[in-house]
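Okay, got some structures for you below.
What follows is a pair of complexes built around chain A, which joins chain B in one and chain C in the other.
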Partner chain A sequence: MIDEKFDAIVIGAGHAGNAAAYTMASRGMKVLQLERGEYPGSKNVQGGILYADMLEKIIPDFREEAPLERHLIEQRFWFMTDRSHTGMHYRSDDFNEDRPNRYTIIRSQFDRWFARQAQAKGAVLLSETTAVELIQDAYGKAVGVRTDRTGGVLHADVVVLAEGVNGLLGARAGLRETPKPAHVALAVKEMHFLPPEVIEARFNLKGNEGAVIEAAGTISQGMAGMGFIYTNKESISVGIGCLVSDFAENKTSPSELLDAFKKHPSVAPLIEGSEVKEYAAHLIPEGGYKAVPQTFGDGWVICGDAAGLNNAVHREGSNLAMTSGRLAGEAIFQIKSRREKMNAENLSLYRKYLDDSFVMKDLRKHKDMPALLHTQAQNLFLTYPQLVSRAMENFVRVDGTPKIEKEKDTFRAVRKARGFGVIGDAVRLALAWR
Partner chain B sequence: MAQEFQRVEEKLYQNRYVVDSGKPHITVAEHKTPSANLLAMTRICPAGCYSENELGQVEIAADGCMECGTCRVLCEPSGDIVWNYPRGGYGVLFKFG
Partner chain C sequence: MHIVVCIKQVPDSAQIRVHPVTNTIMRQGVPTIINPYDLFSLEEALRLRDKFGGEVTVLTMGPPMAADSLRKALTIGADRAVLLTDRFFAGSDTLATSFALAQAIRKIGEEFGAPDIVFAGKQTIDGDTAQVGPGVAKRLDLLQLTYVSAISGLDLEDKSITIERRSEGGVQILKTRLPCLVTMLEGSNVVRRGRIEDALRAARADVVAWNAKDAGIEDVTKCGLRGSPTVVKRVFAPPPRAEKAAQIDLAVHKTPNDMAEAMIEAMFAHSPSLEGDMTKLAAGF
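For the complex of A and B:
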């Protein structure tokens, strides 16, 4: 039983929680951080890509010590049918810079390191401790949490809910709803181990260079979803995710979906001969701006995946989590230094910081995209990839058919599949992107 | 195209777990016939924790659970299941994550 009262209790030691704990502890605040895993990272799953800029704003020299896998110099987008992919690649030697922009990371190692930095600044970490209840006073102000280990209630002026997409505390206290099946994707991932030189040869890399493949198309069997292949130092992360509502409707086995992706003729050679050392599953918030819950209240704020802060269009989440944790920490510190109360009125400063940052600006920009992906899944993920593949085959295959016939075939296929709907789809997509 | 799939149990064998014996963190509420979502879990649970018994009811063995929350999102609001996290330190412990 811990009797002392803390300035802040942070629930969770993922990107958001660690950023919040570090930000507050480094400013001299008394911070308690709770983690239900054996150590920070042991419950966390990500693809995963780290965005340097957002971590630099917290720990400027993180590159010296943080466990990073590869810095990314190449991004591939694959539009897939069952037997083909049409790709767009962007590779630039400019990404071989002194301070690279993006890295692959392995969460169990990275989170452990990040949490240790917060501890070095004075944050107290309690691992193997599951927070089970947010404690509110008679007026509804959050005053602490109850855990499964410490017996009584742990008290603090403010509770930072960085409990992840599937966090229970906020929902149980009525601060946010359980995520809707159409607002979360289920992603499954395997870690495929190979010698570094094999990975480098297969992906055309040298040294610590890394590449990323994001793939969409028939691999998701008509569901709204994407596959991904990320290069780590000695392993390749291979995964696929689709909306939970689509999984439930189609009754598709995620494990089998991943197996089919791995066997795709474009994917199989990349991971051939690898040793799989882990199979993981995780939810990803995909509801976008419109699904973001109330982010602050009397004695509490909510950060990261728990607040649905994920940019589904750009496949960004870790940076939004980190930034929201940092901004929550900064807002709380501001309020504390003014010796003011941690009430909703004052904690609205956190929301103001969020609104002024790229976090909310980006989410607002794409606020109509989640609904579009949901309603147009069949066209976007089944019909169009097949049309693109057919157009490319007509363009590339030389078999004596006159080019005019090949072009006619391409246009006939489009007209037959979507008619003038193709124009409407393009307009809807452009509007949602705007 | 016929596909051969690896059994989920074989995949889970690679993972590290500390099982809290006798204290499952997810329980299925008693039912005569399962709801559509609960029945769907027998297909879409990524760890294959849900199965249908000979009476057509859905059962759970949560030892291989990866704590993703898919079943919570689909089945908790309707009361089909009760969902908690395992006690601190128990459950899946990702080596890589």
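For the complex of A and C:
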């Protein structure tokens, strides 16, 4: 029997959980954080890019200590066919600023650091401890959790579910559904280790500068999905992901896609001679706005991936997780400082904060995108990349064919492939983007 | 009853790699764990405490980060943790390590009560010498019980302990007086997970950190590199086996009996002396 009661129990020590724990502990609240991994970050997987602004709002001077890999000065978008890529690169020296905007991070290091900051503020962290049951009182109010360790129930005024996309607690307690295959992407990645100077030479970088490649096209075999290549200090993260439902339907596996992606003539030279030390897989909630569950209730709130807060279009998730954790922490602190109850009515403040922030605004903006990407996957990921590649080849290859013939070939190809559908596709995309 | 358990934080050998050129162990980024052999001793200590009452103090010597291992031992159920950490200890071999640990155990005895039993791991997975436990026993003048597979009796009135000890050709059952030093055999028990109460207590506990002076060590020349006569002459990776395994042709040897015959023939052909030895042994039955 544990007599002690906490102000809040945070389930999980990822971005959302750490942000919530830090936010509350730094305001003097008595916070207990549970992490099922051996240490925070040991089980957490992300590409991974850290968005500085969202962390600055929690720990303004994080740059002094946080384990950061490279700050990003270049973003490449690749439209890929099996043998080519058409790229758009954005590189700016403005990103070499005093307080860079985006960094690559390695979660096993970063999360450990982030959790330590919360601990330094007084949060109590129990690692290797899985919360298995949300304890509710006779009125259905969450009052604590039971863990997989023997012994008593841990009690708190409010439970913050930041347990990730696959979290047990929320689903078991019926607070949210287990993710549907069409609402989650399965992404896999490998860490390819190379000496820093090799990485810098291959990506045209110096010092701590970093680059990101995001790639779409035939690499996902007609499914809605994307590949990515991120530069860390001494490694390159290479990964690819598609919707779980698509993998099932097409009877392909993520590892097959990743193998093909790594062998692509545009990718292979970047990772040549590297040593793979890590292989990781992760589910990404991509249901968008429409798949976000109820985010608060009597004695509980839900944050981050567990709440499906992920912007698939912009490849953002960590910032939404971090921000939702912070907002949950701020809302809970508000309620506590007013000495009010942690009931659904009061905790709706969290949802209000979410709605007023970029988190829900961005998700609402792209609410129709997941469905569009899914239904138009063949066009967007197979047909168009091939058309673009053909147009580019016609444009740059010099072989004595009159230019007029080359242009005609390009237009014929487009008409044959999509006809007037091109216009429809453009309109649909524009509407969903709006 | 007071039990002291000596543990060591070691790199997780499952995740270690050897540098192909220098042959040195690449420790960078390798996670650390409690030496697995130490966990059998920790669990045995906790079982004795649970049965007979008293306290379990875990002790380690290492860099400040070794506190992580101590905290883990507290999570498992130990009552108190002492970290022996000082730059004077850097580079210790087994002689210097056992000296420092013995001093610290004396100090622990003064501060928290003299230990009835000191546990140590059978050996470590990084050093593999199995010398530190016996070294500590010798320095503290404790009777030593190594390779213990079970503790079958403990009598606190009589100050005696009865154990089973694996030895060549059988099991020894030994009874001796306390205080003593015990190293447990792997597989002798399964370490517990630690109750939620222990996890909570461990998360908040202060790890007692002692430097050489705190531990009552006046002569630091007996510590660390200076106190370590062991010299590493050369580190090398053993060459890969050059001989290829013999293959039994399954197209020719079809029945299990046939295959077994063929295998035995191949073995005897490879090491002719084996046939004679085995025949001789078999004759005894």
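Simple rule for what comes next: the second predicted complex is superposed on the first by the 431 of 434 C-alpha atoms of A that agree within 3 Å, B and C clash if a C-alpha of one lies under 4 Å from a C-alpha of the other, contacts with A are read in each partner's own complex, and residues count from 1 in each chain.
One rule holds for everything that comes next: contacts are C-beta pairs under 8 Å (C-beta built on N, C-alpha and C of every residue); 3 or more make two chains touch, one makes a residue touch a chain.
Quantities reported herein were computed from a predicted structural model and do not represent experimental measurements.
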> A:T147 contacts which: chain B (first), chain C (second), both, neither?
Replying inline: both
> Is A:V45 in contact with chain B, with chain C, with both, or with neither (first, second, both, neither)?
Replying inline: first
> Of the partners chain B and chain C, which touch A:T129 in the superposed model: first, second, both, neither?
Replying inline: both
>> Taking the superposition on A as described, I'd like to know which of chain B and chain C A:H374 touches: first, second, both or neither.
In response: neither
> Which partner, chain B or chain C, is in contact with more residues of chain A?
Replying inline: B
> Touching A:D259 in the superposition: chain B (first), chain C (second), both, neither?
Replying inline: first
> So, A:K233: does it touch chain B (first), chain C (second), both, or neither?
Replying inline: neither
> For chain A, which residues lie in the overlap of the chain B contacts and the chain C contacts?
Replying inline: 38, 128-129, 147, 149
>> Touching residues of chain B toward chain A in the complex: what are they?
In response: 1, 3, 5-6, 8, 11-12, 14-15, 18, 36-37, 40, 43-44, 46-48, 66-70, 72-74, 76-77, 83-89, 91-97
> Okay, in this complex, where on chain A does chain B touch?
Replying inline: 36-38, 41-46, 82, 106-109, 111, 127-130, 132, 147-149, 165-166, 168, 178-181, 184, 186, 188, 190-191, 235, 244, 247-248, 251-256, 259-260, 263, 276-283
> For chain C, which residues count as touching chain A in their complex?
Replying inline: 31, 75, 193-200, 203-204
> In their shared complex, at which residues does chain A touch chain C?
Replying inline: 2, 4, 32, 38, 124-126, 128-129, 147, 149-152, 154
